[in-house]
Amino acid sequence: MKIFQSSKSFHQAFWGATLLSFIIALIGLLVIFFGERYHLRLVYAAYVNLLVVLGLQVFMGNTNITNLSHSAFMGLGAYIAAICVTPVQIKKLSLPDAPWGLNTFELDALSSALISLTLTGFLAFLTGLVIVRLSGIGATIVTIAILVIVHSIFMHRTDIFKGKQAFFGIPQVFDLTSIIIISIAVIFIARFFRESKWGIQLRASSDDEKSADAMGVNIFKLRLLAWTLGGLILALSGICYAYYLGTISARPFYFSHVFLTLAMLILGGMRSITGAVIGTILITFGLEGVRFMETGPVILGLKFPEMLGLSGIALGAVIVIIMVVRNGGLVGNFEIEQVFIKTRKKI
Amino acid sequence: MKLDCISKNFGGVKAVSQVSLEIGEGDVLGLIGPNGAGKSTLINLITGLLTPDVGKIFLSNLDITSQKPYQRARLGLARTFQNLRIYPNLSVGQNIEVASISSNYSSRTMNFDLDKIINIFDLEDKIDLASEELSYGHLRRLEIVRALALNPLVLLLDEPAAGMNENETKELSNSLKWVQNNIACAIIVIDHDLKFIMGVCDKITVMNMGEVIASGKPNEISNNKRVKEAYIGH
Amino acid sequence: MKPFFKKISISMFASFLAIPVYADTIKVGFPVPLTGEYAPYAEIQGAKCMAEIINNKGGVNGKKFELLVQDTGTDTQTAISLTEKFLDQGVVAIGTIPFSDTMIPVAQIAAGYGVTILQAQSTQVEMHTGIVDNFISNVSPDPFTAAAAAEYALSEGVKNVVLLTSDDGGSWSAKTPLWFGEVIENGGGKVLSKMNFSIPTSDWSPQIAEMKKLSSSPDAVYISSIMPDVGVLVRQMKAAGIDAWVFGSDGLDDPSLDSVADSDKSILDKVAFGTLAPSQPGSAMQEFQAECKALGMPVDGMFPALGADVIMALAYAVEKTGGTDPVAIREALRSADSIPVRTVESVSFKNNKSHAERTVPVIGFKNGVRVLLSNAIPTFVPNWK
Amino acid sequence: MIDYVVQQTLNALSFGAEYALIALGLAIVFSIMGLVNFAHGEVIAIGGYSMMVMAAIAFKNPIIIIVGAIFAAVIMAIFLERIAFRPVRYADATTGLLTAFGVSLILQNLFLLLVSPRPIAVTSMYFLDWPIKLGTIRISSLQIFETLATLLAILLLVLFLKRSFLGIAMRAASLDFEMVRLMGIRANRVIATAFAISGLLAGIAAIFIIARRGAVDPTLGFNPVLKAFVACVVGGFGSLPGAVLGGFLLGALEVGMLVILPQSYGGMKDAFVFAVIAIILVWRPEGILSPQKEKGDKI
């Protein structure tokens, strides 16, 4: 089966993904060699967010439908993998009342990840059947409903998910090197999807639904495909989160994380993979700076006041300014390879 | 393609009433009529954006009345839009690709060279531009090329010459002639520019108030009394 | 862990995050939520003030306290990376948010450095089940506050109780009511019903309608939740004509509860809560808050005030060991019979290793003013381990 | 048993009244300019904070406080329109929604920065709340006030939209904005009026919320608006009767879930409520009372 309609699409996708991978790997390597130990953790968290943003981009960027349920799918990925991989003796302690024998088995990390991807992907497919039938705001509402429902289940089936308490004892499987490799793989997947025949048709339908319909685009099927693929990437991000942190709870998979990652995608420009990557990098570094200011530091002998909430204000301001000034984000439709290969004059 | 007595009402108003048409490969049918005559509605009914209240639509003897627009497009019904509907965030080339991807889902083989058409319609050197950068005339052409990329059996052009100057209209006529001679498909053209229609069509159907009031060769139509009445008023 | 070369430190973040490092201080790391959902815990307020008080007196053995504070925004990942940062800067102890999803990974990382998590307000039972060894809580776990409240309730003749539970606050809001019920039943009382609620709840009328439907009217309702929700509950119960006690946990220990009595002085007469430290007028905590206010470092409420105890306990251990070796400090804390702190007279970690043995006060109201109803170590504590 | 049913029905009614009040504020803005104004919650919070400020500078007269809070909310709503929403007036719904989310985030954190992350007691509205005995049923005066205020607000709004020039212009604008502009009515005036009305409704909602909670905190408005938003959607986007219907339906659903669900599942109330919402949307993607659009041939 043909994935790309033209070899030009393939070349763009390939070189674009390669260049982004290079940047991503470079940042990772710089931190590995020059960073302090705690930087590794900050950067790992940033890579997890990058995966989330890419997963979000695959659906939002190609369909222009706002998704607010992404953190829920990340959470599902994290929990399912965690339940499978955590050793039995720890589960006896942490999940004494787990139903269906969940605390009586343990699997290796790879099988756990595969099970998590399969189940989350299946759930994404099922919810996708509903989402793709709705348009615009209606679809967004249902994504909010999904977020609330999943969070509610995490919170109240404490026998399985522990709610706000810690689900602990997940073995540490990944390190920074692993997530760099995974990030690169996902960049390729997302970029290839964008330039693939499905991606091009989907983007056409996001520009003009009626016209795409009249041009033979099966919008339902393609949206469902993008939604499910996005769900799989989000599940992967959750697995990466759990496999490094060792302890998870329902708390991180809710509105504040939704807005953080959404701001990352919007800032860079949701229609482009380059935008997704740039947005993640800018917000990650920017927030570190803002957080430093928040606590009232002394800079050049000058004592700044404590300004709690500054990071939230900054995040909100990023969203508003981008929406008002530059709807397509910083880069719009631009992809990184266009700096080098002059295939298009200006997009 | 055949339309069998199709009708559509909007809140009691008869937009299209008992229209039957038949058109075959190589035909160029002009569809004219005053504003509100139901021409665009008819096109929307044919392509599936609207469903008829009564009547059936056949394409190559296949009943497609209940097919969705994208299915009809894959079966070979291609169209352009009265108001331009180009994908602004895709390049010119990608705009065309959207349709040629769909044509891959069809079992019909492409009997013409798409690159040749791109050349004929003067888009070759603009293929990598953002579609927003094209001039109005080129956007109109892009819509036609995009529709042709579907490898159509029937090509429906909804006011292709609207907003064009005399020169551009002339070029468009020539391009359509080329299409007629080189691509095995039927063409239906809607336009207000009677000179343009008379020039490209070998058959014309006139609609008024949702009904077909006349049908025939261009010279027959221009002498038809009912047509004159419809245009000038009683 | 990958190799890293600290010395070649043109680090990418250095310009953002550098914190001046002074020699020979007692460094305590606080990767804490200054913003976000858990910002109200704010133990850092009390810790900062207490550090200032001790430093003003010349420090401990000539060493001054240096608190390394950075906001986590209530995010676990950030808390963990900041912990690692503070550990690399040589802290003797870490204080973090009182929730196990953060405390466990933070403790696991600190364990590698021999550093202890010394938490000012953590009542979560999960931390004491042996998952980590380097964790010490400055207060008693939830079963103790529940038991203290229940013992007082029994002494007031309470028999029939309704328990309001919620999963939104972890075991603190889900299990504490059940422990209260256990002590009540142990004392001959009866649990009439368990009802569920969510945090936040700003209208309790459906639950109150349920209470009125019960065959016999309750003498007391127990809830472990936060303000302003509980304030609404108290007022709506009164309005609905349910004349029952409202007992609660430390979540009620918020200055905004007192304002519920603004228009009706008697409305809080049958409200009481088992809490972490006495907070009525004239208590040590109130004195401490006044002292801090005078220093220009306001400490608002009990949770922030408890941060002072952490600093006092560390000061004791530093003095005892004569140094800042984190392992020695933990040993010193766990072997002491009695450690002087600020909110109560003293605490001891000798018997329990991971949480303080201290008196559990029950606070009530007279005419809208807080009074100390009882203050003892409860005699019957449900089995919670 | 009858008492219990009546009691819970009244509860559902007052829950619904609050949602309807807030949902109306969302719907009126949506109907005019297609904006899903998530920052509506912060307009409510402004009402709460202004009460806090007024109480602190020793305004004791409740009338002054009520009028002041409503005034503050109206000013805030108009201000937000001018500053944040005017630039995205003609953008698509998604852009508007995200802008509103951003504004909401900024305001919440400004409250946190300028006031406090913790709840601050505001007890000046307690006087609205006293028990009323109706036979064997006791209800709170607040529930009655709230339901009545909502009904009154709906009535006045209907009168305004039907009788006043500006109201008629607004109704026309919700059908076809361009036409109203062509008639020479300034778009700014119509939209500012819509925001002012939404601010007014938010101010009224703020009074009842504060009267019950007795405290204000930065996220005061977020949850109610999330629910009201859902109510709006269920009722039908931009349909004012739909917003009211959706609000009361949601109130009934919430209380119903608390009553019907076994206590061990009580915590899952939100999950069930949102699942029902999702099902309604799948059944009727445009909401229950959505204005049916005439599909012409201008596709």
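The letters A, B, C and D name the chains in turn, as written, and every chain counts its residues from 1.
In this section, a contact is a pair of C-beta atoms (placed from the backbone, for glycine too) under 8 Å apart; a residue touches a chain by one contact, two chains touch by 3 or more.
All values reported here derive from a predicted model rather than from experimental measurement.
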Touching both chain B and chain D (chains): A
Farthest chain (mean CA position) relative to chain A: B
Inter-chain centre distance, chain A versus chain C - centres from mean C-alpha coordinates, in Å: 35
Centre-to-centre distance between chain B and chain A (centres being mean Cα positions), rounded to whole Å: 43
Inter-chain centre distance, chain B versus chain C - centres from mean C-alpha coordinates, in Å: 74
Multi-partner residues of chain D (each touching 2 or more other chains): 109, 112, 117, 265, 267, 269-270, 299
For chain C, residues that touch 2 or more chains besides their own: 35, 39, 167-168
Residues within chain A bordering two or more other chains: 155-156, 210, 308-309, 311-312
Parts of chain A lying in touch with chain B, wherever the complex brings them together: 2, 5-6, 8-9, 197, 200-201, 203-204, 206-208, 210-219, 271, 333, 343-347
In the complex with chain A, residue positions of chain C that touch it: 1-6, 8-13, 16-17, 20, 34-37, 39, 69-71, 73-78, 80-85, 87-88, 99-105, 108, 124, 126, 129, 131, 167-171, 174
Parts of chain A lying in touch with chain D, wherever the complex brings them together: 64-66, 130, 133-138, 140-142, 144-146, 148-149, 152-153, 155-156, 210, 259, 262-263, 266, 307-313, 315-320, 323-325, 327
Touching residues on chain D, where the partner in the complex is chain C: 3-4, 7-8, 10-11, 14-15, 109, 112, 117-121, 123, 126-127, 129-131, 138, 140, 143, 209, 212-215, 217, 223, 255, 258-259, 263-267, 269-270
Chain B residues touching chain A - in the complex, by the definition given at the top: 47-49, 68-70, 73-74, 78-79, 81, 85-91, 93-95, 97-105, 128-130, 133, 146-147, 150
